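Letters are used for the chains, namely A, B and C, taken in the order the chains are written, and counting of residues starts over at 1 for each.
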Amino acid sequence: MDRLKKGEVNMAVTFKDGVILGADSRTTTGAYIANRVTDKLTQVHDTIWCCRSGSAADTQAVADIVKYQLELFAMMNGKPPTTQTAGAIFQEICYSNKDRLSAGLIIAGWDERHGGQVYSIPLGGSLHKQPYSIGGSGSTYIYGYCDANWREGMEEAEAVSFVKEALKEAIKWDGSSGGVIRMVVLTAKGADRHLYLPDTDYKVRHQ
Amino acid sequence: MTSIGTGYDLANSIFSPDGRNFQVEYAVKAVENGGTSIGIRCKDGVVLAVEKIVTSKLLKPGANKRIATVDRHLGVVYSGMIPDGRHFIDRARDEARSWRDTFKTPISTADLASRMGGYMQAYTLYQSVRPFGITAIVGGFDSTEEAPVDGEVGSGPACGAGGKVAGKTHGGPFLYMIEPSGLYWGYYGAATGKGRQAAKAELEKLDLGGPGGPTLTLEQAVKEAARIIYVAHDDSKDKEFELEMTWISGADGPTKGCIGRERLSVGEKALDEDEDEEEGKEEKMEE
Amino acid sequence: MDHRPQAWGRPRDDVYGAYDASYLQSGGPKTATQSPIVTGTSVIAIKFKDGVVMAADNLASYGSLARFTDVKRLRPFLSTSVVGFGGDVSDMQFLTRHLNELAIDEAYEHESSPTSSSEDDPNAPPAGQLNAANLHKYLSKLMYRRRNDFDPLWNQILVAGFDSASAPFLASVDLRGTTFTSPSLATGFGAMLAQPIMRRYAATEADAARLTREEAVKVVKECMKVLFYRDARSLDRYSIAVVTKDGVELSEDEQLERQSWAFAERIKGYGTQTV
């Protein structure tokens, strides 16, 4: 069935001051590009974001529920939720509805206690803590690149460049990935968006 | 007290003209008749202790524990009506469990105190119920380490997560006391029950709330708690009692962050051999 | 014009013909049965005279993709037993949390009972505390219940520890609730590749009771090596646990040692070729 499928490549990496999320912008229905400027990086709390891949409808619904739950958590407890809290709620939804959902999620967040963290929730609804995570169908093309080039505790500029180069490879080799590169940098300073366009060869930061 | 109720003390949901809920005040009376319980929050942990009045020689020594485990890192002791306390503990365990089910991490001591305070307050509002005849002391050690999601697999970068706010500490020992009205505060040292006045006087002599935090160590606090229960028992010397106590430290301390891992229950006969008993405790802490 | 709510948003019958409702059914009955997605491979274990040794590698595969290489599949329970999980990782996490809650419940039960049986026998296990045999029985009921709900937990599980008679205990339960016990056990590929090797050392309970801890650990490590050679869903990093009366020793970052590959030098062509 040709439902809207999305998120053909996305990733999140920890670095010295926090965590960076990155994604392409292609949404496809079969071979047709239904949206070429999709924003797959979704905010669920101030400095907790997620990368969505799989069914657009499913991942949006899940993200909306978690966003609501985290807002409620912050109000009820008078303190912001941690990335762990977000991961736990995401997982419960993905696990208990595993036979109905087609959602692959990467949760990345910064909080003052734990710094930048990355959690991955693949199809079955398991929860994996990782130094960095890649997801979506296009990620299979960059396992080698990421494993060879990843370093712990990179500077922000290095980490941005690592994410960008990895996504460029995925976009190059995967037909289901393409369009612009979006990133969000999460640190003590908050969330900072980046945008890179293909017509400038992803060289210029537009946002 | 006999004449001041004048009809306004017959039900929970009725205020007296001067703004008092007599049922709640009577519940406090029930607490004041119960064996003394105390809690001490010290530098590296929390101690809970209770003077368990032995009502019959036919009861097995050491049985019928009064200090209860609520979660790995949380313990409760109370003075007052024991069945009410048992129900309080059941509820506290349910709250701790439901927090774990939802957030997949242990509930913090403050959050448990808040929920139980709310629960007890609800029993002051309705005709159909009476307030709890207990004052409960909730002690816990919230992990100072990074808190993982229960059951998570994998790990972050070996160099540790970047971007943590430096110099901030998290978690630590916490102590709360909840009264029949539902009122609760965080305390450095708490005492309730029959000998509370004497116990409070002793607690105030300890260095628990200095500007740099308490200097009293867990080991000292365990000894002090035992001593204070004996001091508080002075008023009712005719009754036999058991001293029951437990303590909790952080993951790097003697209890490894778990309550009830080390506990002590000594009979009344230990009263005269105070010195020996102190030594026995020291040994226990080192295991 | 059909104004019934059932017809809202549907193509008009008078224009497009009657709607073929069969498109709405994807066909077949509703199924809750899932299939595993992120999976762990074999778990192996062998009894010895003072306890049990268990091992499992640290890989969680995503089909043939070696996706997560730091997944620890051995979990201690109450520091007296070890549970090893093969199969679906999300169900493993569900069970881990369930066992965690069970362990907390144990602490409740424990304190209300009078001081343990240790008064009579200092070596007896704490009164009322779940031992490995109890835990295995509990897990088998849980797994069987879930298979009867047609919603199985997709795991093969080994439980190691001690039984009520304080003898070493080892048993397995799978996604159908089938249970086995034996001096050595293995799940998945291990049942085919490791079990025959382990049986050479502990074919019977009597053999296992003669095995030393060192021998048992050596056999298990040797089996992990064979599994790494021949199981395409395995990894050379693994966890190993030794359960004795003193508790559980768990090492979660072992590396396979002394592998044998150098003979590849002598292999030339596939028959007659010699260069």
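Rule of thumb we're sticking to: a contact is a pair of C-beta atoms (placed from the backbone, for glycine too) under 8 Å apart; a residue touches a chain by one contact, two chains touch by 3 or more.
All values reported here derive from a predicted model rather than from experimental measurement.
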Chain contact graph, described as a line, ring, star, complete graph or other shape: complete
Per-chain Cα mean versus the mean over all protein Cα atoms: which chain has them closest together? C
Between the pairs A-B and B-C, the one where more C-beta pairs touch: A-B
From subunit B, the most remote chain by mean C-alpha position: A
Distance from subunit C to subunit A - Cα centre to Cα centre, in angstrom: 31
Quick check: how many Å separate the C-alpha centres of subunit A and subunit B? 44
Please tell me the distance, in whole Å, between the geometric centres of subunit B and subunit C computed from their C-alpha atoms. 40
Contacts with two or more other chains occur in subunit B at residues 104, 150-155
Of all residues in subunit C, the ones touching two or more other chains: 60, 68, 71, 89, 92-94
Residues of subunit A that touch at least two other chains are 91, 126-128, 130
Under the touch definition given earlier, write down the residues of subunit C that touch subunit A in their complex. 31-32, 34, 36-38, 60, 62, 65, 67-68, 71, 88-90, 92-94
Contact residues on subunit C for subunit B in the complex? 60, 68, 70-72, 89, 92-94, 96-97, 100-101, 104, 107-108, 110-112, 114-115
Spell out the residues on subunit B that touch subunit C in their complex, using ranges where they run on. 60, 62-63, 65, 67-69, 71-72, 93, 97, 100, 104, 150-155, 260, 263, 265
Can you list the subunit A residues touching subunit B in their complex? 14-19, 73, 77, 82, 84-85, 87-89, 91-92, 110, 112-120, 126-131, 152-153, 187-188
Touching residues (chain side subunit B, partner subunit A) in the complex: 102-105, 111, 146-165, 168, 170
